[in-house]
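Given below, in the form of structure tokens, are the structures.
Both complexes shown next keep subunit A, but they swap its partner, so subunit B is in the first and subunit C is in the second.
On to the complex of A and B.
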């Protein structure tokens, strides 16, 4: 079964240009949910140039690291839409009917993100992986 | 399956979205502010053909967007 652990990160709602130009520390994972919304993991306390930005701790996601083979397995069995062909990329949508995000890395692996309240359901629906 | 193209996330199945409403367009010939408000809130045109609509990508980026759909064919004309 998938090990989907709670994540502690930061959620930043800010002007898109401030997020475009923000400098994130090396090693951090930046998930650009929408032009004005970003979720960052691995940062002590992020700052952006927008003085009106909302920067708040985000405890609402669980995550699991997937190998390239596991990504392919999930895509084949549980995703009804097309994954992006380029890497790195962010793919957002339903996986096994549960709203999820896939942070696709250049090496083919991925970070699977799902709302904490729904992670048991997603893990149960995905079941055993390749 | 019907697919909708989210401007942030790309093409996704219809089930991921929530329909908001027809994007209300008040005719310019209505000039009185109160009458414009009434028309905006209550007068649904129920257009047959290309219609501006509001959609919410509930299972993805969770953002609203405006799309143009032909209600006769379910063809997405412009997003």
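On to the complex of A and C.
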């Protein structure tokens, strides 16, 4: 079964320009969900220059690291939409009917993100991976 | 020779036999009668194989021990499949060129495409890859022995050839009639059909009693025989192309060849799948269904398992003879082949039902979980009345993690919220909160919740569990439309929330480390540690009692819940589920949006004008409310009381025998010993006494309980 573990991180909603120029904590994984929305996976609290930014702990995601073969297997069996052809990239949509995100790395591997509240459904529906 | 069970009797079959050939080899018809094509085109060999019905036995290899049963005569088989079923796998492929059909024209087309530099994939039903549908995309649905393939192709080539025409005349459902290709297959299998006669399209009728014994041609010539071979030409297998008329599909070979229609039938069964005769067609025609598509719908000709492969050309000919022109074939629709329910549902998922971070706690406490608003939620922990009294007299906790939770921040946030909400926002002080409703542009109540002010430019918003899924889109759409500078973060699934409620709720928080003077007053909120867990503590009340919602990060939910349960044990704490909660709030007269409201409920109709400030210059729905304010409005939500038992929610409310509304919420109040209700009266004059379930109910002001609201402030 897919090992999809709870993640500790931060969510930052801020002006896109502030996010573009932010220096993120060393060792963190940064997922740019949208122009004004960043998910930083890591313990250290990030800072941004926007005084109205929302910076808050984000413990609402589970994640799993996938090999390139596992990404291909999931894409073939559980994704009805076209993954982006370029890498790195962020893909967002339903996987096996569960809203999810795929952080696609340059080497073909990926980080699968799913809301903790729904991760049990995703794990059950995906089942065993290649 | 191996054996299988056929209608309960063992029969022998040879290597390479299909189930249909095995039946023929043993002197049986694979179904109950009709011409056999043995090419997968018709539905005349369909039977139940190993528990699955609607199987084309001519395409199904015979297997030792297989259990085959003919479908019941005159009715359909059970839709239930075998007792043991496994999920059907779906695989998705993006391909370049797909050729459907592996015959001579398909092979040639594939070679041509490869020579042009394309990557070509061939799907051939004979090889176990049966294309059952085409869609815009272009996409193909392919049934295989190991699952269903969803194929996205740049180009599709159909090389599906022709289906042989079946004879339509009197006696055409007898046993012993074969198309030419079927007869060849039977001969190749070494099966002797006895005395055979080969005829063309000029058959007048078949003669026999169950089995064919003779055939009579149009000129009157009669041939005695054991079997008849009909060689009457063909019609293209173009159903897959007709399913997707705007998809780039190229048809090649005999599937693309021009063809003549057979003579219009005058007798016999036109559609063997749906058992539609020429007489049936005449009947619907005489009723006015005089277009091919209408004749199809009214008679069901062409709606059976072969999807018009047999009857289509005959139906075209029959309608053409009536109208004087050749009609187009009817529209093709997936699936081209009978699918099992498992195959049809493969790859389809029902909506996700989320679990709160306290899911395991609820299960451990024996909660009866139910699905509400996309979440699994506790309905009761076994004794809803005890849960009720714990709230009213002691202390109880409830999982409200499903509430919509949003943070908004920015220089324009007050202006944005003033426009979104019909209540005032600017005068909410830091650390205070206010109940609010959300209106549509038409002034109809969409949702309700709370606004909590964190600082001058930052607020926390809450929404109902049912409204949470659309709240972010709704807020974001408006703010972006107005071009206001506000940041928005939906924290519904990131934050858990536990409602600590009851007269002892504050005491319980003190036991868990909250100083007495730090406990928020009614409608205040503070950030406090409770049992060491950082919480945003919101003092409000849905139950009518002193209540504190503890919002926190979901990874601390179980720890917080367990601390509350442990420390509250000596206070008689017990958790409450939705059943008790719905009753508690009903005694307070609180509406549940979506249950007590309708799609077009205005604040006036639900007696919540007080939550609307028309003196504000603008807010969503204001114009509509002002436009309609002076109009008479019959509909109104009322509180009712009546002797128990409480009627079912949805019960009809009558006045003088006339239906005037319905009950939207209903509860046998343990506090009052009678039922309390919310319900609609939709006709004037509104009555003080109404009839519900043949019993008298009396209009009663709400709240039913604690009208002064003192208990929430204790």
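Here is the rule we use: the second predicted complex is superposed on the first by the 127 of 130 C-alpha atoms of A that agree within 3 Å, B and C clash if a C-alpha of one lies under 4 Å from a C-alpha of the other, contacts with A are read in each partner's own complex, and residues count from 1 in each chain.
Methods note: a contact is a pair of C-beta atoms (placed from the backbone, for glycine too) under 8 Å apart; a residue touches a chain by one contact, two chains touch by 3 or more.
Note that this is a predicted model, so its numbers are computed, not measured.
Q: Between subunit B and subunit C, whom does A:6 touch in the aligned arrangement: first, second, both, or neither?
A: The second partner, subunit C, only.
Q: Once chain A of both complexes is superposed, is A:14 in touch with subunit B (first), subunit C (second), both, or neither?
A: Touch partner of A:14: subunit C, not subunit B.
Q: Taking the superposition on A as described, I'd like to know which of subunit B and subunit C A:49 touches: first, second, both or neither.
A: So A:49 meets neither subunit B nor subunit C here.
Q: Taking the superposition on A as described, I'd like to know which of subunit B and subunit C A:59 touches: first, second, both or neither.
A: In the superposed model, A:59 contacts subunit C only, not subunit B.
Q: Check the residue A:92 against both partner chains and state whether it touches subunit B (first), subunit C (second), both, or neither.
A: It touches subunit B, and subunit C stays clear.
Q: Which holds for A:75: it touches subunit B only (first), subunit C only (second), both, or neither?
A: Only subunit C; A:75 stays clear of subunit B.
Q: Which partner, once the models are overlaid, touches more of subunit A's residues, subunit C or subunit B?
A: After superposition, C is the partner touching more of subunit A.
Q: Which partner does A:118 contact after superposing on A: first (subunit B), second (subunit C), both, neither?
A: Touch status of A:118: second partner only.
Q: Overlap the subunit B and subunit C contact sets on subunit A and report the shared residues.
A: In subunit A, residues 37, 80, 82, 99 are touched by subunit B and also by subunit C.
Q: Which stretch or stretches of subunit B touch subunit A in the complex?
A: Spelled out, the residues of subunit B in touch with subunit A are 1, 3, 8-13, 15-16, 58-63.
Q: What residues on subunit A touch subunit C, complex-wise?
A: The touching residues are 6, 8, 11, 13-14, 36-37, 50, 52-54, 56-60, 75-77, 79-80, 82, 96-99, 115-118, 120-121, 125.
Q: Note which residues of subunit C are touching subunit A in the complex, please.
A: Listed in rising order, the residues of subunit C that touch subunit A are 89-94, 150, 347-357, 375, 407, 409-411, 457-458, 485, 487-489, 491, 493-495, 553-555.
Q: Using the touch definition up top, name the residues of subunit A that touch subunit B in the complex.
A: For this pair, the touching residues of subunit A are 33-35, 37, 80-82, 84, 91-94, 99.
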